[in-house]
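The following block contains the structure, expressed as structure tokens.
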Amino acid sequence: MKGTQSMHRPQKLGPRATQAAAFAALWAAAALVLLPVAAILGVMFVRGGRAISWEMLSSAEDGLLPAIVGTVTLVALTAVIAAPLGIAAAVYLREYAPRGPLVRLIRLAIVNLAGVPSVVYGLFGLAVFVTLLGFGRCLLAGACTLALLALPLVITASEEALRQVPERLRAASFALGATRWQTVRRIVLPNALPGIITGLILSVGRAAGETAPILFTAAFIALTKPFPSSVLDPIEALPFRLYYMATEAHGITEDAKWATAAVLVGLVLTINLVAVITRARLRGARRW
Amino acid sequence: MGLPGMDSELIVKPEGEVKIETSGLGLFYGEFQALRDVSVTIAARQITALIGPSGCSKTSFLRCLNRMNDLISGARVVGEVLLDGRDIYHEATDVAVLRKRVGMVFQTPNPFPMSIYDNVAYGPRLHGRCSRSELDEIVEKSLRAAALWEEAKDKLRKSALDLSGGQQQRLSIARVLAVEPEVLLMDEPCSALDPTATFRIEELMIELMTRYTIVIVTHNMYQASRVSHYAGFFLLGELVEYGPTEQIFENPKDQRTDDYVRGRFG
Amino acid sequence: MNTGARRVREWLIERAIQAAGAMAIVFVLAIFAFLLRDALPVFRETTVRELAAGRTWLPTAEPPKLGLLPLLLGSLYVTIGALLISVPLGVACAAFISEVAPRWMRETLKPAVEVLATIPSVVFGFLGLLLVGPWLAELLDLDVPLFAGLGSLMLAFMAMPMIVSLSEDAIRAVPMTLRENSLALGATQWQTIWRVVLPAGRSGIIAAALLGMGRAIGETMTVLMVTGNAAVIPLGLQGFLRPVRTMTATIAAEMGETAYNTPHYHALFAIGLLLFIITFAANTIADVVVRRSSRTSR
């Protein structure tokens, strides 16, 4: 091998030094992501927390109560619509579908549904639920639109939960003379339920924060009847209210804007936290 | 190789009532042939053991008898399997009913994550029995028949997962007995158990034999020679020899059988 | 229940489950069909070339000017800007999390990224509008605190969780033996990451970028609130510092006041259709990329 002469050649940075620099860059990248998150949460709860008052939360006139109630009923109805469809689709994919091109096509469709822009869902909701089916701009139309948006999430989470149930339990059930549906209903679904519920909660959290799909299908501001009495009534919703308050500048205090933002973020974070805790708890409790 | 009748002196037909008869049975997993032209007669209310070196053919054969291979995609069966004279692979067969008549106990105990009571009651509930008193009776009867009643009667509501390995296996047997099968297929039922538990299960088998036809796959030649009346030797997907147990173990006709039972391979 | 009735009931249930399974395909087709139905009439008023290459978007003028180019370019600028920030940052974070980070850092960063994913887009828009925008405008001495680059920045953080998590999966899927072989040849850990791990995880990372792009192009509320909504054609690098308008923001802003079945209405649906096609392409290509890589890496 060529010699070890110590000629003074201009040295490239040695590998150790390169590594140190690269790792420093990676740490910087991590910080660049971590700090904004901390900042967002911080400013949200400090600035927002300062601005929240009980009066603001509970007033039906210009407080947040109608929006809170609207969002809650909206996502509840969304879950009611999306759950049976999504769980059934997951059951089909995991328990019934024969291997082959059809399943691949369905999965591709699910991936695509998950990637459809939320405003396009809004357009679809407008064309189909509001206009074609004649619901008008109301809770039902909004919930149907959001259910479509939530569907891929529910299907994916449910399928994962079904997959966690060990195959041998199904085999034991079949060997006792059970049909496929009996096995699904008595063994697979009950044991997959925790994961399915966690998935539902997560999709509810997602739906709670969406604005574009309900822009032209459900949400309004300053309704004469602030609380819906039927599914065909229009509603207020937190995310829409936040948008409205942030962009229509007159007459709305900074405090009010921050409070609304903080309530929305708090709601969404709480829902997700519930899902995470549920998942951890139930994973610990399972034994088989 | 596999022409029926050609090896007929290696395949002995048992005396007495016939419960299951296979004729030219072949099994394919996709392109791969797992079983080749198996023709054998299984006697009613006797214990038949299937022995042979590790590989899937014994278990595959067993699973043909209750159509559990249907669950494997790409699995294909040729030939006939007759249960009381009727082909179970016929189109009109109700597979769920078949599996009620031909029950299976798996190698590793496999209790459902439910109470002991619910495990045993699972089968009867499937088939429509719902009344509490009926189920109580069935559960007790099955647990007694599986020699588990005394140990379990005070904890019927407790989770089945709390039982020991041997108890879980007896629970699996009770679970199968609860659907009142005619045939019991047992796939190496003792391989996951310690000697004491194994002994109890063997005793159980001998008791059960008077009421059920039992077919057991086992690696353990001593076990086979102890409990069974008829034995079949499988090698690489073929049934090499089949006959009364004493004959297979002490005086086999085929060299390969002789090599196996003397421990020269496998 | 006797077996006959039970069998019928079970047959019905199985049909319902099958129908539910096929539902995903039905919905994708339905979305496409309805977008198409309400978009096609726009061609009574204009041609494809005018629509696609037209430089003015003034749908309320008489006659309406329906040129998509400013909107397309607006979306493009914002998206590319977002990807330029989020892909390097996201992949770096993913590499950091799986290869370099000590446990305490990992357990802080991963939940932080997940929290980022749950924040609604309208909140990002809110923060951009009230905080980040004014701050940046002062920093960069801009007239208007609403501009394309601000949208890119906010979108970068919205797309980040997806890019981080998918890249992390791709990196984690690289077999340990590859790393071990590299280290055994005397490479440093960084050399291993840069020369072996990242290239091996290339297709997963590309898929992540594609999906991130789909996400960014489809984002509505954030860009609606922070990019200024001026339908002008952005030019050069300066374009990032000026207001633009994206396709998504256009739909969101104008649909509320558009009468049913007017050319404006149809034009907005045409934009929606275009968005659908773009994200469909991005998602399908990403899927193919992932599928092809998992086949070859066996």
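Chains: A, B and C, in written order; residue numbering restarts at 1 for each.
Following the convention adopted for this analysis, contacts are C-beta pairs under 8 Å (C-beta built on N, C-alpha and C of every residue); 3 or more make two chains touch, one makes a residue touch a chain.
Treat the numbers as computed from the prediction; the structure is a model and nothing was measured.
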Among all other chains, pick the one whose mean CA position is farthest from the mean CA position of chain B. C
Going by C-alpha centres, which chain would you call the most central? A
On a C-alpha centroid basis, what's the spacing between chain B and chain C, in Å? 56
Distance between the CA centroids of chain A and chain C (whole Å) is 16
Rounded to the nearest Å, the gap separating the Cα centres of chain A and chain B is 49
On chain A, where are the residues touching two or more other chains? 179, 182
Got the chain B residues that touch at least 2 other chains? none
By the touch rule stated above, which residues of chain C touch at least two different other chains? none
Per the contact definition, I'd like the list of chain B residues that touch chain A in the complex. 66, 68, 71, 73, 96-100, 103-104, 106, 108, 110, 112-113, 122-123, 126-127, 161, 172, 175-176, 179
Chain A touches which residues of chain C in the complex? 10, 13-14, 16-18, 20-25, 27-28, 30-31, 34-35, 37-38, 88-89, 92-93, 95-97, 100-101, 105, 108-109, 112-113, 115-116, 118-123, 125-127, 129-131, 157, 160, 164, 187-191, 193-194, 211, 214-215, 217-221, 224-225, 248, 251-252, 255-256, 260, 268-269, 272, 275-276, 279-280, 282-284, 287
Can you tell me which positions in chain A touch chain C when the two form their complex? 15-16, 18-19, 22-23, 25-27, 29-30, 32-34, 36-38, 40-41, 43-44, 84-85, 88-89, 91-93, 96-97, 105-106, 108-124, 126-128, 131, 148, 151-152, 155, 179-182, 205-206, 208-212, 215-216, 239-240, 242-243, 246-247, 257, 261, 264-265, 268-269, 272
Please give the residue numbers of chain A that touch chain B in the complex, ascending. 98-99, 168-169, 171-179, 182, 186-187, 191, 286-288
